[in-house]
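Worksheet: one structure, shown below.
Each chain gets a letter, A, B, C and D, in the order it is written, and its residues are counted from 1.
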Amino acid sequence: MKKPTNYKIPEDDFLAMRPEVLAGWPTGQRVDLAEALEYHSSLAAEKNMVNRLQQALKKGETLTQPRAGVALPEELKELLTFLHQEGEADVLPTTIDSYTRQNQYREADRGIEESRHEERSMLNGFPAVNHGVEVCRDVIESIEVPLQVRHGTPDSRLLAEITLAGGFSDFEGGPISYNIPYAKKVSLEKTLRDWQYVDRLVGLYQERGIDINREPFGPLTGTLIPPSTSHAVAILEALLAAEQGVKYLSLGCSQNGNMVQDIAAIDTLEELAEKYLSSEGYSDITISTVFHQWMGGFPQDEAKAYAVISWGAATAALSGATKVIVKTPHEAMGIPTKEANADGLKATKQVVNMMKEQSFDQGEKLDREKQMIRQEVAQILSRVKEIGEGDWCQGVIRSFEAGILDIPFAPSRYNSGRVLPARDNNGAVRYLDSGELPFDSEIMEFHDNKLAERGEFEEREASFQMVIDDIYAIGKGMLIGRPRE
Amino acid sequence: MNQNRVPTVVLGVIGADVHAIGNQILEYALDEAGIEAVNIGVMSSQQEFVEAAVETGADAIWVSSLYGHGEMDCRGLRDKCVEAGITDILLYVGGNLVIGKRSWEGVKDLFLDMGYDRAYPPGTRPQEAIDDLWQDLVEQRESKDVVSSLD
Amino acid sequence: MKKPTNYKIPEDDFLAMRPEVLAGWPTGQRVDLAEALEYHSSLAAEKNMVNRLQQALKKGETLTQPRAGVALPEELKELLTFLHQEGEADVLPTTIDSYTRQNQYREADRGIEESRHEERSMLNGFPAVNHGVEVCRDVIESIEVPLQVRHGTPDSRLLAEITLAGGFSDFEGGPISYNIPYAKKVSLEKTLRDWQYVDRLVGLYQERGIDINREPFGPLTGTLIPPSTSHAVAILEALLAAEQGVKYLSLGCSQNGNMVQDIAAIDTLEELAEKYLSSEGYSDITISTVFHQWMGGFPQDEAKAYAVISWGAATAALSGATKVIVKTPHEAMGIPTKEANADGLKATKQVVNMMKEQSFDQGEKLDREKQMIRQEVAQILSRVKEIGEGDWCQGVIRSFEAGILDIPFAPSRYNSGRVLPARDNNGAVRYLDSGELPFDSEIMEFHDNKLAERGEFEEREASFQMVIDDIYAIGKGMLIGRPRE
Amino acid sequence: MNQNRVPTVVLGVIGADVHAIGNQILEYALDEAGIEAVNIGVMSSQQEFVEAAVETGADAIWVSSLYGHGEMDCRGLRDKCVEAGITDILLYVGGNLVIGKRSWEGVKDLFLDMGYDRAYPPGTRPQEAIDDLWQDLVEQRESKDVVSSLD
């Protein structure tokens, strides 16, 4: 098989690939593109995600969205309705279970059965492939707002076919962001190809007049990811998607906890994505932004969890993100009850509503953070392009091999795992060890100095113990993992 | 357990679970405690745990499950150990073992009934389990000594 | 009786007044100054509030403090211990019940009895006068951190005598702040005199080497108070206290919800108080600051209440206030359970801990807010001094008569009640009607313009309906009370 | 109630309670609704409520209690009304009537048992009570009409 390169799959080639994909599970047979397009046209405009996001962009809203998914459709409808009505969620997800994410549809079937039998969800999400197109449509029809598929599936071709035909108008993930943090042995060659398929499918809908939004998964491993790392990935995935005909993209990252750095992250993400997309010749793309409330370990105490949630909501509002993905007071313990999920949403909504008319002085500190992110992203992406000899697909593959792209704490064996992040003395996330990231000495010194400053303050060397302390910190009530006395 | 040998623990994250961070920290903590850590990483099957334990002559298996499918994934590991002839190996399990926020006592019993020696709730500090391990190993040796002195 | 003037009560005069005060209720007989001083000296340094506040000032901490008080001492001890241990409160209060606040000691006795009988607190606070010195000391001894008396008592002379002798090292209130928002028919002449007594008593402790902190009640009616109004009152009360020998003062105000304005408020409060104190010749005074989480109507929903609490905590931390007074998720419903009280504290602590190393760009917006507050306070206070012919006591009395001092929504008949506040289009609190406040045209125009801007946006005139909408807004999930569609 | 007369409501905050804001809003809302509002303000005793009602020939008394002592402060108002000869006057009460967060049903019954016609939980919109008032006044008039037609 040819190595994947960043070219738009010709429609005929694409259509030739479809039967095999759809044969992956019996429910695939039901998918019919023409009929699906018609179905989308028949849906009210309010149920289309692109429509809702455009509106938010225009009005400067920050929309709230939960994570939520259970094994059975009736329960899913009840859950989503509750989150919309009681939780005041602006847009809704359907989170897919972990078996489906691994294409283990047989295990998912077992999970469905066990869930029916035990009368509680034995799956951590909704196995949309097993349920099939009609069941998805039944869900879509019963909910008043647009739905997005959220998953973490390296090979989501069949999932995309079924859920898009099922009426979903937004699909999360990407070849890097749903591989490196979500898999151990899946090669980037494979995911790059599989996501070209997904993006091409979205492009097909788009070309035929149905707006579908795509959202790379910004947070990656969710834990102390320096903004330039997640930005580089998000922009690469945006470029790859754009090539296949995707027109609407939500790009995001997760809260790190230092407000200035977090605001700088959202600001630059939009700015840089637009810059790269247009300089690469994709000029009619609409970008919205997504801010994830803290994605690492949460405090077990619910009151403290509310604090983390609210602080994330405040940052989202101040950064002007188009959407905020909401955590719940049960986060550290397990998949939330619908009530706990609604509580996270309500707390977020209250803060967003109270902040939406407010803005801050933006001065030197913010400028400096933005400038650092811009430089770091530029240096990473120019090396990626260079090593790929102008091809972004090859660039991604070779960059991960060489550690030019390197995601902290990721389980994938295709990730070199040399980069170590840690917080500086103000809680901003820096590179403690930048591994093989292609940074110049100015950037390296900046990070080294920042961490030396903290080391001095704490009277210890910056080391892996510091990283561990930072991983635990928010769960233990702090932002920075100070040494224990 | 060989008296002079450094104890060995096979650790990993079971099932289709990719939560890698706690696993990396556990490995580091075991290392620091002078315990040989054989980390088979995330997304490991029961078979992989057992094979690694047999291969390394491990004293214990530490199974992590974070993503909520622990109840389905962890069932049957003890049987597989027995089949593989490592009947008495210590089996510890920890993480967010079930779906949702449930009373810990019930969850613990569920896993002890499955044949695990110890089960740990979310947020357990590695040191706690390491202390338990040393204690369990001493007890195991003492009871073996008793057995051998009866021979 | 002579009109009150701002002079230091001679010690002999003061001692001559004491017997009558102490005769107010049988427990007064037990108070013995010399013995009380000795008792304070015997207490561990950690139990002294001044000590703790100095430490916080030095380290740049923001301390957390709840409101809490129940009828019976055993329950009070249990409550306070819980809030310290489980709620991680840094310093603790004892909130006094409303009968004691009105010197209705007989009703308080009935409340104690009913509480014993019903086995739940039938009083909304701790009737310290009825319980007396020994019971107070028993409470002090059982708690590891310093305790402050929080009340709302126009005439708190006996309460001060008993609680200070009982080992409390911090006393809240003042002649204006515990009169105008807390009483209907009590004259300022009376409260000015009564608080001279209280401040003189504190001065006496101070002169004899026992540090006692005094805290004017910053929030006043707690609802949409423009910073210059509360600052003017706080500074006046600080001046009056300083004259009587008070050396340690915590000055505060409550959150209004616009972060820039709130930070400006805390910044200028400290700055202006120091300026006025030293220009009036009180140079050895230590000022700390207190930020109250939103003091107006709260959302009933607990998740939303957490959001308001957390947002207040964030503002407190960013403003660098020395202490934050914490609300609870039960606020809208009733006096919180001890668990709910601890929950508010824990959420606050989490935010404060996550924010404490962070700071912001401070630019033009903040400067402008600060500049407005400085000018407004200067204009009010110079008129107060002028109309008092150089005497601050007379100045206060005449200013309230003339509406030069005027507290929105206050129940007192000594308040002219012409001032109406409302939020501008960014949520900052402005003067919709500045009544007789002695502002120049520049200031008036500033406020008018701000409110006109909002009026235009909302397509309605700024009116009392806008004020009502703002009063309800936070309780209904918004900062600004927009017209209903 | 005189058929052509604007109805009159005496309102105030009972006991040692100084919460003034809701009271000011209630007065404004009654005014807007075309009801004569006699506001005796905060810190009003039962006696003051009754006197104001007698003096103004009021149709209803609206008692607010926010600060938690409502249970003690509100007991006995109906008796005082009866003594003063305004036996049938409508008594409404609202606010944070008791100490702490308690189930509303229990609180409501407590106050209805004390002789109040209606009780309102925290967060009640004034309009709700105004609607109730019009309805109660109509019913009262109808039942009086019945009585007088029987004369």
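General observations
In this section, a residue touches a chain if its C-beta (ideal position, glycine included) is under 8 Å from a C-beta of that chain, and two chains touch if they have at least 3 such contacts.
Model, not experiment: these values are computed from the prediction.
Most remote chain with respect to subunit B, judged by CA-atom centres, is D. Centroids built from CA atoms put subunit D at 56 Å from subunit A. Centroid to centroid, with C-alpha atoms defining each point, subunit B and subunit D lie 68 Å apart. In terms of their C-alpha centroids, the spacing between subunit A and subunit C amounts to 45 Å.
Within subunit C, not a single residue touches two or more of the remaining chains. Contact with two or more other chains is made by no residue of subunit D.
By the contact rule set out at the top, the touching chain pairs are A-B, A-C, C-D. Across the interface of their complex, subunit C is touched by residues 257-260, 299, 301-304, 306-311, 313-314, 329, 342-351, 353-355, 357-366, 425-427, 474, 477-480 of subunit A. For subunit B in complex with subunit A, the touching residues are 15-18, 20-21, 24-25, 28, 41-43, 67-69, 71-72, 96, 98-102, 122-123.
Contact residues on subunit A toward subunit B in their complex (touch as defined above): 98-99, 101-102, 104, 107, 110-111, 114, 120-124, 152, 181-185, 221, 223, 296-297, 300, 330, 332-337, 340, 409-411, 464, 468, 471, 475.
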